[in-house]
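Structures are listed in the sections that come next.
Presented sequentially are two complexes of chain A, the first with chain B as partner and the second with chain C.
Now for the complex of A and B:
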């Protein structure tokens, strides 16, 4: 009996590896191997054809002479974390509405809330540039009609209104994913907790803060971590909405690196751009680890 | 049963793969295949027809088959990767003087004189090659065939509606930058939802080079950005005039709104709809305004304006990428490669492309001898801007740390820098980069002196 089981396991294991092999090979060749190349480029001056060893010069330049890079890091933090202030409560509320037996046409709303995500970042960003356009843009026309402003506001002319547009777009596209995570988290809360609280005379609000929030704390922890990491990787929507904003003021770090890599033509400074990539990944790693450390408590709530 | 099905399906897939192989056969033994690469999507259709005709007539006689490939996106990256893997085609278009310099230094491309019949070819087409643009280290690698001319594109209807007309009641295009500012203001005030001028600042690199630097060279000469190779200094002081002009337009609010998020395509689409009075355009706009965004309005082309009180000193043109011969050509039939090279530069081919309104030839003789009956007046106007002698100047490739002149233009537009501050910052950034380039020997100033 044991012998037969061993054979069966080996067969399963072997075919599992075979099935996974294309994925793993792809991951190694296209994701992991290039990382080593980037680290290698970062210690050279490289313009695409000739390379000269630079040692730590690129890194020194980042830390002493490149204010644009640190501005882009600051912008990234502001956008990625600032939008969470609105996005998390919004997704939580949407998840609550769709989980409880409150709404009649729940399925319709679920689909409707998820549509922005299906539309995709690129298409919705193009639509947003038309919505917020100064000439005949719907948002401006609506605000004028409602009497809030007198003449069309140029949303992309200064840093903070451009950031507002970027955050709005990001929230609109992204809140449905978090909403789904929360809904999954709600499934894990046993109903008898609520019943017990009801019997003890707790109000709905108290139930929410004392039962719901603590019970979804592990889910919330993961969602916040994902939102932070994805926020730091944001490029496409900023590129399409503002292209780095009026004179580079809404540059986010990945967009800044992308421009340093691909938009300098024959004067390419691949070595410098790779060094920026290395520094950025270290920063993201530090932030994530710090966050996981601080929020360790919430994983062991119950 | 399942196994049989699996085998049948596999066999079917294998058979369909075999259809992918191409027929080579005995033909290739006599014919030499010369590969030509280009990044120009606009001329693809016409060029493919011309190449096919050549292959069926002269090509068959001389035993040459041209394989013409167009890469409309990521052409630069394709070229770079092929260059590093020694897989460049025999002849290819290489964009930009810096890329040509890179390739020449690394011997990916060969001097034309090294090819059979190359020196005679250079005598006819080489003219006065300039070190740093067509010549590198004293050897000529490319002879440009096409140019892009610039002009002021304006909407005649809006000019007439604003009352800017000559004695016959025809729209009067502005001749100086001061008149541009005045006319833009008049047009903006003349109606609802119309604006005098448009600057698509989302594409600020394009604006800086094609709408500010090149037009200003018509007044101030090629030395608009003055570079002193003895002191190793850049002098951007003449740019103050352009920055003041931009600030004037901003003050009058006579530009199409939302300029920071306006890209060139949207700007031209709005012009086609008749909402913009004028913009600084180039010969490529003729195709855009006739096929891509067919203009609803009556539009025309005038020479670019000059500064008030000054004379026009030259006609600025942009040099399109030219054909280079790669080192792979040395391994094949050199004479046949040279035949194809001569064909690509022939006056007939350039005249054909000019008459089809696809590209403007560099040689003024071709322009003057072309048949103009089928030509749009606007295209003819752009063609008339080709100068007898192409003015161009080689500039060093610098590793800049900081804002380029395009970035600074954007900062002036949003009001972050005054005209004077912008000039100071540009001088500082470029001076540092030039000095550093000379120090680490990546720039050889003797080339440019």
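Now for the complex of A and C:
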């Protein structure tokens, strides 16, 4: 007892807790309580008024009968990772070019590239709806002009073209974030490495694959990690661009759950929606852990 | 001579790539901006790039008839309080987590960090709203502002904590000897030094609040006079006569975007600094 009193200054303890009180209350009320709420109601049938115990029925329904849920999971992965096929090379290329020491107007370029990020989802989704609109939207006009399509295409009428719009939008918004991460990563590469390689007569391409790529592997890991975590959380962009349409074919998982909670129709099924929330967070946790494991192993290679 | 020529060629390719990319990125916004001065039939026809007549009345109509004036006011006070609370809570908590010695510190900090790994996403919205409903705050923006007050962003706390850790402890001790209390040290010694971090947090939380969509949309569903700009914009798009209102929609989009863009143009380094700092630490 004496020891504790010695270690802690009473005044500091009191003022620390006073300052942290709102945070601690908020943590319990708005973060931890919802977790328990969701877990609890995942084993109930609950329509907002009466709750009856359901056992594992909700979970059985997810795993056996709800193909819409699994399609939304698949769509989430397709969008989160599919866009990286274009986004990573694009942002890496832009980062390398912007990192050139002789370049002028560096600032102007990076400010311009990052601009879509600050617009906010409502505005940028509106702009994209406008660009891709089926009434002579400028994208349709351009594609007709270039001879790629013959008549205006309704981009939101079939799954894959709607997914294309979603991915294009997220690349437009997101590539600069990755570009900035890469640029930060480049700053950690000492110039000596390139100078030594230059003296040894390594070509630029060889330098890129033998120095740049291994040295930015940690950055790449962060980017892939963020792509996954942010990808699983993705809601607003799909909600505002396609609203999951046509006929729910572009739903992503968080949007699917959101609709189960808030666009309930005749009978609310909060219990079932909670069960989907539980399953989803377990999936996210598993994927995240697996990813951390794999990337740790591959980090040892270098 | 040959060497110099080759470098030039590389530079030209670099500039061409960057300029093309720049134009592609900026084009959608520029095009929407230009189109916001067209009349609806011109927009729907999509034939001319530059409007025949520059219609400023799109903006006055959006402001008055489509109620973007009200939405702007809502966005302004909503963002103001969100930023204020984000600044207060992150500065104080970051300082306490860095310098305070109290039992349970690691537990509280660990729980806050640990919650980041439980990704509930949209399924936590409903129970959160139930709490707000219980407090009779589920139909206006004050409910979300209240949540903002109680839930500081952990990324911001990390930012402040990291910055406090890098400040020499001797300063605190000197202040203590001069008779400053624990919180007095914060206000007189630490807070003035936190200015750059506070600027970053302020800008980022302003961006977050100004552009926030989902929660403000849900709480204002039955209360249109409380809509913020993003919510009002989407609501206008979803209204029955949306096809005839594209001029207003675009003008409204620009009304939402322009304040943010002005802040961005003047403070862009804070946006970028906050992004990288948050990702590395968080």
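Going forward, the second predicted complex is superposed on the first by the 266 of 302 C-alpha atoms of A that agree within 3 Å, B and C clash if a C-alpha of one lies under 4 Å from a C-alpha of the other, contacts with A are read in each partner's own complex, and residues count from 1 in each chain.
Definition applied: contacts are C-beta pairs under 8 Å (C-beta built on N, C-alpha and C of every residue); 3 or more make two chains touch, one makes a residue touch a chain.
Keep in mind that this is a model prediction, so the values were computed, not measured.
Peer 1: Can A:247 be said to touch chain B (first), chain C (second), both, or neither?
Peer 2: A:247: touches chain B, not chain C.
Peer 1: Name the contact category of A:146: first (chain B only), second (chain C only), both, or neither.
Peer 2: After superposing on A, A:146 lies clear of both chain B and chain C.
Peer 1: For A:199, is the partner it touches chain B (first), chain C (second), both, or none of the two (neither)?
Peer 2: neither
Peer 1: Examine A:158 and indicate which partner it touches, taking first as chain B and second as chain C; both and neither are also allowed.
Peer 2: Once the two structures are laid over each other on A, A:158 reaches chain B alone.
Peer 1: Please work out whether A:135 is in contact with chain B alone, chain C alone, both, or neither, and reply first, second, both or neither.
Peer 2: A:135 sits against chain B and chain C alike.
Peer 1: Per the contact definition in the header, classify A:257: touching chain B only (first), chain C only (second), both, or neither.
Peer 2: Second partner only, chain C.
Peer 1: Scan A:226 for contacts with chain B and chain C and give back first, second, both or neither.
Peer 2: Only chain C; A:226 stays clear of chain B.
Peer 1: State whether chain B or chain C is in contact with more residues of chain A in the superposed arrangement.
Peer 2: When the residues of chain A touched by each partner are counted, C comes out ahead.
Peer 1: Thinking of the overlay built on chain A, is A:273 touched by chain B (first), by chain C (second), by both, or by neither?
Peer 2: second
Peer 1: Could you tell me which stretches of chain A are touched by chain B in one complex and by chain C in the other?
Peer 2: In chain A, residues 129, 135, 137 are touched by chain B and also by chain C.
Peer 1: For the complex, give me every residue of chain A touching chain C.
Peer 2: Going by the criterion above, the answer is residues 4, 7-9, 11-13, 15-17, 19-20, 22-27, 29-35, 37-38, 90, 93-94, 97-98, 100, 102-103, 108-124, 126-131, 135-138, 141, 172, 176-177, 180-181, 184, 222, 226, 229, 232-233, 235-236, 239-240, 253-255, 257-258, 261-262, 270, 273-274, 276-278, 280-281, 284-285, 288.
Peer 1: Under the definition above, what is the set of chain A residues touching chain B in their complex?
Peer 2: It is residues 45, 47-50, 61, 65-66, 129, 132-135, 137, 152, 154-158, 241-243, 245-248, 265-267, 269 of chain A that touch chain B.
Peer 1: What residues on chain C touch chain A, complex-wise?
Peer 2: 11, 14, 17-18, 21-22, 25-26, 28-29, 31-32, 35, 44-47, 89, 92-93, 95-96, 100-103, 105, 108, 111-112, 115, 117-128, 130-131, 147, 149-152, 181-183, 207, 210-211, 213-214, 218, 229-231, 233-234, 237, 243, 246, 249-250, 253, 256-257, 260-261, 263-265, 268, 271-272, 275-276, 279-280
Peer 1: So in the complex, the part of chain B that touches chain A is made up of which residues?
Peer 2: For this pair, the touching residues of chain B are 76, 80, 83-84, 96, 98-99, 101-103, 105-106, 193, 202, 256-258, 260-261, 270, 275, 397-401, 407, 410-411, 413-414, 416.
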